[in-house]
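In the two complexes below, subunit A is the common chain; its partner is subunit B in one and subunit C in the other.
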Partner chain A sequence: MVVEAKTRINLREISNKEDKLAPGHRLCLGCAEGIVVRQVLHAIDYPVVVCSPTGCLEICTGLFPYTAWRVPWVHSAFENAASTIAGVEAAYRALKRRGKIEDRVIKFVVFAGDGATYDIGLQWLSGALERGHTFLYICLNNEAYMNTGIQRSSATLKWTWTTTTPVGKVIPGKKESRKDMTAIIAAHNIPYVAQAAPHAWRDLMTKVRKAIAVDGPSFINILCPCVRGWRYNSKDTIAISKLAADTCVWPLYEVDHGIWRLNYKPSPQRPLTDWFLSQGRFSHLVAPDNANLVIELQQCIDQEWAKLEKLCQCFAD
Partner chain B sequence: MSGNRLKGELKALEGDNAVAEAMRQINPDVVAAYPITPQTEIVMTFSEFVANGLVDTEFLAVESEHAALSACIGAALAGARALTATCGPGLALMWEMLWIASSWRLPIIMNVVNRAFSSPLNILCSHDDAMGSRDAGWIQLYAESQQEAYDNTLQAVRIAEHPDILLPVMCCLDGFVLGHTLEPVEVLPDEVVKEWAGTYNPCYSLLDIDHPVTYGAADFTDYYFEHKRPQWEAMERAPKVILDIGEEFGKVTGRYYHLVDSYRLDDADVAVVVLGATSGAVRVAVDRLRKNGIKAGMLKLRCFRPFPAQQVVQALQGKKAVAILERVAFFGAEASPVFLEVATAFYLRGVSTKLINYTYGLGGRDTVPGQICGVFQDLIDITQTGKTEPIFRYLGLRDF
Partner chain C sequence: MSDRLRGKMPEKGWKELPIRGLIIEPGNSVNYETGSWRALRPIINLEKCPHCMFCWLFCPDGSIIVKNSQVTGVDLRYCKGCGICAVECPRQVITMVEEAEVAKETNVW
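The block that comes next holds the complex of A and B.
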């Protein structure tokens, strides 16, 4: 069945819809994960089955005897959300073909942390993408393992403080650079891949509409500022999200059927020091002793941005 | 045997192919599997069935065994009948998911073509894999022959999906010994299996959009304990269901299945307890000894989980000495798992029979009837001396 991409987001229409994630869940005040989940689910006009691996979202929304999910939801383990949803999707195809369930469109969505996506679950995700299951995988990227208490992941920026990369007398935070997961996913040549952030809600929801319309896998890596882990005031989540895009720490772009497209170009690009000043996890970087680290990171971000711009220009008409 | 028993077609099949044949006839909704010697033939044969349109199963050739079971779990939650197969290292990789499958009461069927654990690397038979996961909440059946491997797979579907049970079932067959050797197997007509297997009707499904369910919520001090209890209770109900289905299967095929099987055991003085393919060698040994007037007998465990304690004690009560043969390398306990189960069952019923334990055939080493005769000789010695030490013994282990 061909599904038409209805990409225009109508705010009034959306604000009248029932939330599929009920209020009363236990996510922290100001947590971006809840905001993003609601944005994503509001953008999908079909019945959905949701899967979450172990992580903040899972533990805060499904604690027996309560559930915040008004849609079918499953949490199996930390590493295997992609193959769990692959099994559900395979069952859907089999049972529909055999006439055992009604022939109606159902969409399959994973909400997974960066730990579940970049690290422990990468193999499962890669396999499910390669096999071509039709599902949308959302990475709720808060740049660390927050559920277990702010440990580093391979999404954590270099020189960031986390509880497994503490700022010590000889090592000033995480020594390694983050991996470019969105590009790794794009290299699977799946129909739709994107990066988004919650402050740019229309962009985010439009991307979800595009992603959910494709036949095959789609992936959106969404920045999720974390009050506890990033050390900022809970009212600032959306401002911090915007700052990530304006400093080019988190570029908003998409790879739509192989075409790379930049969705937002900050003007002017704000300096990385603004990013570091906004969050406690970078407080050591603001000290004069570590000025060289800031210069190094700025160069790094600038290089990544330049590369992305070039790549997108290749596809510009 | 009933006179109107159904005649299937006799085919020469390796154990793996016999299992694949059963899977073809069941035509599951979803199969997710990953190749590993000596299970690979199952996946390859089933792939051919898919490619040739002999089944219309959604077949997922996944990237690991963990993903295979994870996908089967997802599929079963969505209301599908899901099957997989693995062995040794693959089963080890699935470990975390074994427990999730059984906790969710998902009737997944998994054939395990038993293989030894590394290290050293070995692709041949030990029962380390299945025995290592004996407490994961899965029903476990062991096959003596290719025919039993086929029959167990067909019965497993009915056992697993029985409303009183709803537990995953592991069907074990010895790697290579059964998996890769040809034997005649009576394959039932496709229509008969189709009717036998029926369809899976789940209580809850993730695809029931109008009645959303939450699967996998967390439980802590308040409910976790209570949520474990139904698993014990389902296991307790399993023996009756396994027997009923074994009986029903017998009516269709003439091959009746039980929890345990005795061979020349009734009047035996000394007995060997064994499971899996080695039962064949024990039968030969028993026959040889009987010819020489020695009252030897065998008890074969078809079902190890749930452990049929009652039946085991009943069958072995009054024997003068019993040897339990096991194909595992497990460390740190006084004896291996089956021995510990048998000893517990005896103790709890106030039966004191002399018991010894043998580890045999590790990593595929052959165990021949001559060696089993030696075991019976040891048992006869025990009946004379009354001395069982050492309890834990090796069968066929060289001193280099």
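The block that comes next holds the complex of A and C.
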């Protein structure tokens, strides 16, 4: 069964609703996480319970004694957001069965960073997905541990500058390739997995609606450009997000009940040098000495893209 | 530290704060006005505004004020001045002005 989005999204209509993330939170200016969280929560028409593990979003929205959340929100440790939301969901089901709580549709959502998803919380997340709790897990992927000071994570692209992979004369940045988390989650055979970015807001919000409509776990990996860590001007957040899709660094696709579908095909595909020129964290790659690294990375990205295209073609009518 | 930087909420001692790190008032961050971070102020030319809501959608702070599906202004108490709205506006009706220039004109610092 392929899930269809409930209704078409009308921006003017939803703009009259109150934000579930209140202003006054302390995310950096131009932070994509604020944009993504607002888009996601506006796409969900049901009451929600949110859980955030440690990360940028958690420290900026839940700085005691302030909270920016207008929905019930739980902070858990770095690794166990998936277990926490699974517990909340199981408790709700149990209380409902015993008639101790009002029976209504409640959606359970996790907002986690890439460190909490790719590295620290992978085992917990994998467990919760396998047990089949009904929740939506959203990874706000800013490609490094930004809240502690731009340390590399396994979501960081190869040859990227971070504070723990400094660029020197011998080693030009992070030596390891990033891992394909969305494909790892898709391999759990859960009902809905997707990859999205904030510039494609209709695509993102439709994916959220599809994800909460399924019975079982769902996962969306969302790119969140980071002004401080990626070294660009705060006004360019959405433009950088679009560039990621156009250079195929961040393909937009979904795996709906096992069916892979490409949501956006850039025409023409922009060269990776455009991506490197747009951000300060790649400034060393623009130097002529490192031209071989750019060629190597372009080959990697092209190969990943070709693989994804072929996979999606297998399921095309 | 001035009250402006500290936020509007009066300081509480440990006896007055709820136990176990609970925050019982939802969305009380509205008492913390992040507008003091701003260096550039967005000014919307409302006469030319197409009310497409892109500025509202792409604002990380939700500081675009919308009434009856119409953009009516910017909530300067929270706007941090990132400038995304000015870049993403399809008709370019939002301009970013230096706060110092605004202060000079209005004589309010």
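The working rule: the second predicted complex is superposed on the first by the 311 of 317 C-alpha atoms of A that agree within 3 Å, B and C clash if a C-alpha of one lies under 4 Å from a C-alpha of the other, contacts with A are read in each partner's own complex, and residues count from 1 in each chain.
What we mean here is this: a residue touches a chain if its C-beta (ideal position, glycine included) is under 8 Å from a C-beta of that chain, and two chains touch if they have at least 3 such contacts.
Predicted, not measured: the structure shown is a model, and the values here were computed from it.
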Partner chain in contact with A:106 - subunit B first, subunit C second, else both or neither: first
First (subunit B), second (subunit C), both or neither touched by A:70: both
First (subunit B), second (subunit C), both or neither touched by A:33: second
First, second, both or neither for A:62, with subunit B first and subunit C second: both
First, second, both or neither for A:123, with subunit B first and subunit C second: first
First, second, both or neither for A:11, with subunit B first and subunit C second: second
Which superposed partner A:254 touches (first subunit B, second subunit C, both, neither): neither
Overlapping contact positions on subunit A, where the subunit C interface meets the subunit B interface: 62-67, 69-71
Contact footprint of subunit A on subunit B as seen in their complex: 29-30, 32, 56-58, 60-64, 66-68, 70-80, 82, 96-97, 100, 199, 205-209, 212-219, 223, 227
Contact footprint of subunit B on subunit A as seen in their complex: 47, 49, 51, 58-59, 62-67, 69-77, 79-80, 83-95, 97-98, 100-101, 104, 106, 123-124, 126-128, 130-131
Footprint of subunit C on subunit A - complex, ascending: 11-13, 15-16, 19, 21-35, 38-39, 61-71, 198, 201, 227, 233-239
Residues on subunit C engaged by subunit A in the complex (per definition of touch): 7, 9, 12, 17, 21, 23, 25-34, 37-38, 51-54, 56-63, 66, 68-69, 75, 77-78, 80-84, 86-88, 96
